[in-house]
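Both complexes below contain subunit A, partnered by subunit B and then by subunit C.
Let's turn to the complex of A and B:
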């Protein structure tokens, strides 16, 4: 057993209100520099929708992530070891600016400086790359709240496997539904970006598992951009270096939650440590699709198990980190309650950001100008939810419904249980049956309810002491890094000639 | 100006100045500004014509550079190979073909940079100067191949000894002094390009990623891990 600790995350999708505060917090801290205008290390997309970059989940197009070859070995889908040599000059699977959007601002000066004329001066959009006038074609959030649907939503790759009827219903007014998917780097256990970098510039921090790009060693071979199936490494077109979400490590090291977590209005974000067995990574990443979710869970170790604690101590995991692992909210959601699921685990990078699947609104039909609930029950059946189970399974279950159904059934049981507790207008025995069927107890339901709805800052973010007193980055004020590219520079980075 | 003095300047002083600059400045730049070592890829901003410019250029220039290097390192074996006319023809035609490939690619690179406003934003004056130099050098090389054929042989007999004499710090310019003007131009420009090298994007050639092919796929970095634990680490 090779015990390591990983700072892991849970996003509770039922709580996300799609306000984009997280994205703005991140942008203001990290990506307001030249060359990063188009980057959103944190972005929030509407599902169904095509996301950012457009259709990032379509791996037939982007060729991101791992696949297993004939011998059951893992290989990088874009440019693995053998293919990096011929593809280093031109990466065939590299997304380009058109797949994201051309960043723009407005020519505000024109409002003041325009020569006198017969019409009102306007502030034309201008490109933040060339400074030329721009006909805006798309943006980072072009299909927000189903804007432009069905053109966009209909192209969501997660709709694969849905019946024609289901697809049509998704777009009909009565059944219309969407939810939000906030995305940051998943700081995966088996990161494809790291494995693809010819320069070895990307690395996973041993102590906390944060995946970083060494700005001094990046040489713009841009393999990581093509390899990351979540498209969470970005190419800085100005400095010629790739950049990505750093999980605000300078904040974490000083005991603060990352900016997007801290600012989250819906309080959907949880952060805590998971202990895992690094020896079994590859074995798990090779499992067939339908066993990947279970497999990843089997990697995560019980922080209360004396054998795990002993192995962790032997491996140099500090006691304070083990303590944080025992109090980790992520462990509760992912391992104890099993209601948080990894996104697109079939990419086999073993993401360490987990999503609690959303419960969609009650289903209703309109007949003769009156609204009828599709069910007589107070809450709907999870199988009749507006978001088809298959859609969520494609997103969060590696295409398999079982784990998603389990998570939704348990959340539904919690709702019934709390209704019985607080209002008392439902049959207690029926609730008991529901709880049992959902593999849940009344106590567990209360705990889920509490951590979901009544959680404090301290409940949501159990940040381990990083024990990185020696790290060079600690010597510098994170705010000094604003407007710089990357971290740890003495003289400031200069673009090469 | 005295022809001998000019030759001394072009084929002794200039090469040393350029080579010295090359070695000193690449190391200096790597140590002081390793951030600036990057291929500065522009594929992200323009992906349609990128392949047709960058790929032919690189395959061309890499083969041509390797060819020059081989002729410099093992001139005798080259002469042996060329002793059969057919083999000489094959070598000459291949060299010319790759030279033309380089030229086509380079024209592609320049046209692409010129015609797309986004990439123009990431093209510096140094880049334009460099492209100009590479253009002259490539065109010059092709002209040499056309007007002074059998270069693979006379390079081995006449130029390899000169280059070796430079590296042995005992310069002997007898052979180069007698070369036609076109060849002399090609040599002088080669040294100028080498001297200019550390100040340009060309430094990316020095950081080509070799360990990738045999390193472990995953990279983990630890800060301040206890040595007793180090052994467990994969």
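Let's turn to the complex of A and C:
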């Protein structure tokens, strides 16, 4: 057992209101520089929708992530030993700027400086790359701006396997439904971006599992851009280096939650440490699609197990980190309650950001200006939800409905239970039956309720001490390091070696 | 390397030397002395000598090759007068073989005085332009083809050439009587072989370049022949028959052809075949260059189009813009 620690995340989609505050917080802190205008390390997508970059989930086009070959071995879809040399001057499957969007601002100066005329002056959109006037074709949250568009939403790759009727229902006005999917780098256990980098510029930090790009070693190959199936590495055209979400490690190291977590209005974000067994990574990443979710869970170790604690201490995981792992809200959602699921685990990168699948309104249809609901129950059956189970399974279950159904059933049981507790107008026995069917107890339901609805800052963010001093001590004399760190000495990344 | 070996064995090599040719001799002498040293001139004991001699020989072989390449131009300058005559004069003249383009040179020294001849040989154009009557007469007899100014033909060499012509004129049968052209009638096989040689399907025995590299014919296929030299369809008429064509082919005299065929002469059998081919084509009209150019252009265009579509087919599954494709498809559906 090779025990390591990983800072992991849970996003509770049932709570997300799609306000984009997280995106703005991130943009203001990290990507307001030249060359990063189009980057959104954190973005919020509207589902069904094609997301950002457009249709990033369509790996037939983008060739991101891993696949298993004939021998059951893992291989990177976008590149490989034989494919590096023939494609050395042209990295294929690279999203173009049009697939992201051409970043723009508005010509506000024109409002003040326009020559006198018969019309009110306007602020025309201008490109932030060329400075020319721009006809806006798409944006970073285009699905939100044009929600339900037959161009975009109808092409969501997660609609695969849905019947024609289900597709039409999703698009028709009375049954229209959408939910939000905030996305940051998943800081995967088996990161494809790291594996694809020819320069060895990407690495996964040993002490907390954060995946980073060394700006000094990046040589602009952009293999990571093609390889990451979530399209969460971006190429900075100005510095000639790739960049990605750094999970605000400077904030984490000083005990603060990352900017997007901290600013989240809906309080949907949870952060905590998980311990995992690094020896079994490859074995799990090669499992067939329907066993991947279970396989990933089997990697995550119980922080209360004395054997795990002993192995962790032997491996140099500090006691304070083990303590944080025992209090981790992520462990509760992912392992104890099993209601948080990894996105697109079929890409086999083993993402360490988990989503609690969202509940959605009950199905309805319209007759003579009257809308009839499929059921009159206060909380409807999960199979009568407007978002088809298959859609959520494609997104969060690797195409298999079982784990998604389990998570939704448990959430539904918690609602019935809390209704019985607080209002008391429902049959207590029926609630008990529902709880049993959802593999849940009353205590567990209360705990889920508490961490979902009444969570405090400290409940949501259990930030472990990063113990950077220990990591630095391994590399060099801490006194020497102290003299090299600080403001004013380190130059920014720039083109060239 | 024949001149070198001859000079190595020359008994005169110990004499004081002055001319460039003789300086080359001296270098050879030094070389042979070195060779002697490496190959057994030294009194060292036998095993040591054997061991050393291999490396010394190897080194000397290298020096010899270097020296030979260095000396070679000097050797060429010292071309014997008969060689010079064969390479530069024989395509237009014979000695006792009758006139070709230029007159038969047998007893030319008796027809005209030496000073005039030397003057004419060194700069024919100047003499013709000066309005000299005899020179005019020769020009007319030569169908107005003036004698070219030959490289390396100075007064000294002209004198030597005249000596040679005088000596050869006295012989009953000069070696420069010219090519003995067979009078056999041309057969179809000859003509076909000539065509094959022209097109380069059959190699010239001595390794000369195929005619098609610079010339074209009325029936040269597809992209046509070279455009550096003239179209040879009617060359048989232009050069007035079998004899002069054969003489030309034996030692082509233009600035372009001379260096190519000087060391790779065309053999008699090949000349026979080529002449047969030229004779057969004499009645045809030359290839239409404009039509050829259109063919060339069209072939090029077709090739380019095939290449573009071929590459597009090979990389059919390459990455295209995702969003743009999506929008285009949707707008096409909308129009339908």
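The rule we apply is simple: the second predicted complex is superposed on the first by the 463 of 497 C-alpha atoms of A that agree within 3 Å, B and C clash if a C-alpha of one lies under 4 Å from a C-alpha of the other, contacts with A are read in each partner's own complex, and residues count from 1 in each chain.
The working rule: a residue touches a chain if its C-beta (ideal position, glycine included) is under 8 Å from a C-beta of that chain, and two chains touch if they have at least 3 such contacts.
Quantities reported herein were computed from a predicted structural model and do not represent experimental measurements.
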* Asked: Superposed on subunit A, are subunit B and subunit C clashing or fitting side by side?
  -> fit
* Who does A:384 touch here: subunit B (first), subunit C (second), both, or neither? -> neither
* Of the partners subunit B and subunit C, which touch A:110 in the superposed model: first, second, both, neither? -> neither
* Structure fact -> Partner touching more residues of subunit A, subunit B vs subunit C, is chain B
* Of the partners subunit B and subunit C, which touch A:298 in the superposed model: first, second, both, neither? -> neither
* To do: Report for A:166: first if it touches subunit B alone, second if subunit C alone, otherwise both or neither.
  => neither
* Asked: Which of the two partners, first being subunit B and second being subunit C, lies in contact with A:61: first, second, both, or neither?
  -> second
* To do: Scan A:96 for contacts with subunit B and subunit C and give back first, second, both or neither.
  => both
* Counting only touches as set out at the top, which of subunit B and subunit C does A:152 meet: first, second, both, neither? -> second
* Structure fact -> Quick note, subunit A centre (C-alpha) to subunit B and to subunit C: the enclosed angle in degrees to the nearest 10 is 20
* To do: Using the superposition on chain A described above, determine whether A:238 touches subunit B (first), subunit C (second), both, or neither.
  => first
* To do: If you've got the overlay open, could you tell me the nearest Cα approach between subunit B and subunit C in whole angstrom?
  => 8
* Asked: Where on subunit A do the contacts with subunit B and the contacts with subunit C coincide?
  -> 94-96, 98
* What residues of subunit C sit close enough to touch subunit A in their complex? -> 318-319, 321-324, 326-327, 330
* Structure fact -> subunit B partner, complex, touching residues on subunit A are 2, 81, 84, 88-91, 94-98, 129-130, 132, 190-191, 194-195, 197-200, 202-207, 215-222, 225, 235, 237-241, 278, 314-316, 467-471, 485-486, 489, 493-497
* Structure fact -> Contacts from subunit B onto subunit A in the complex sit at residues 33-47, 50-51, 54-55, 58, 117-118, 120-122, 124, 126-127, 199-201, 203-204, 207, 209, 211-213, 215, 217-226, 228-229, 232-234
* To do: Spell out the part of subunit A that touches subunit C in their complex, as residue ranges.
  => 50, 53-55, 58, 61-63, 92-96, 98-99, 137-138, 150-152, 155
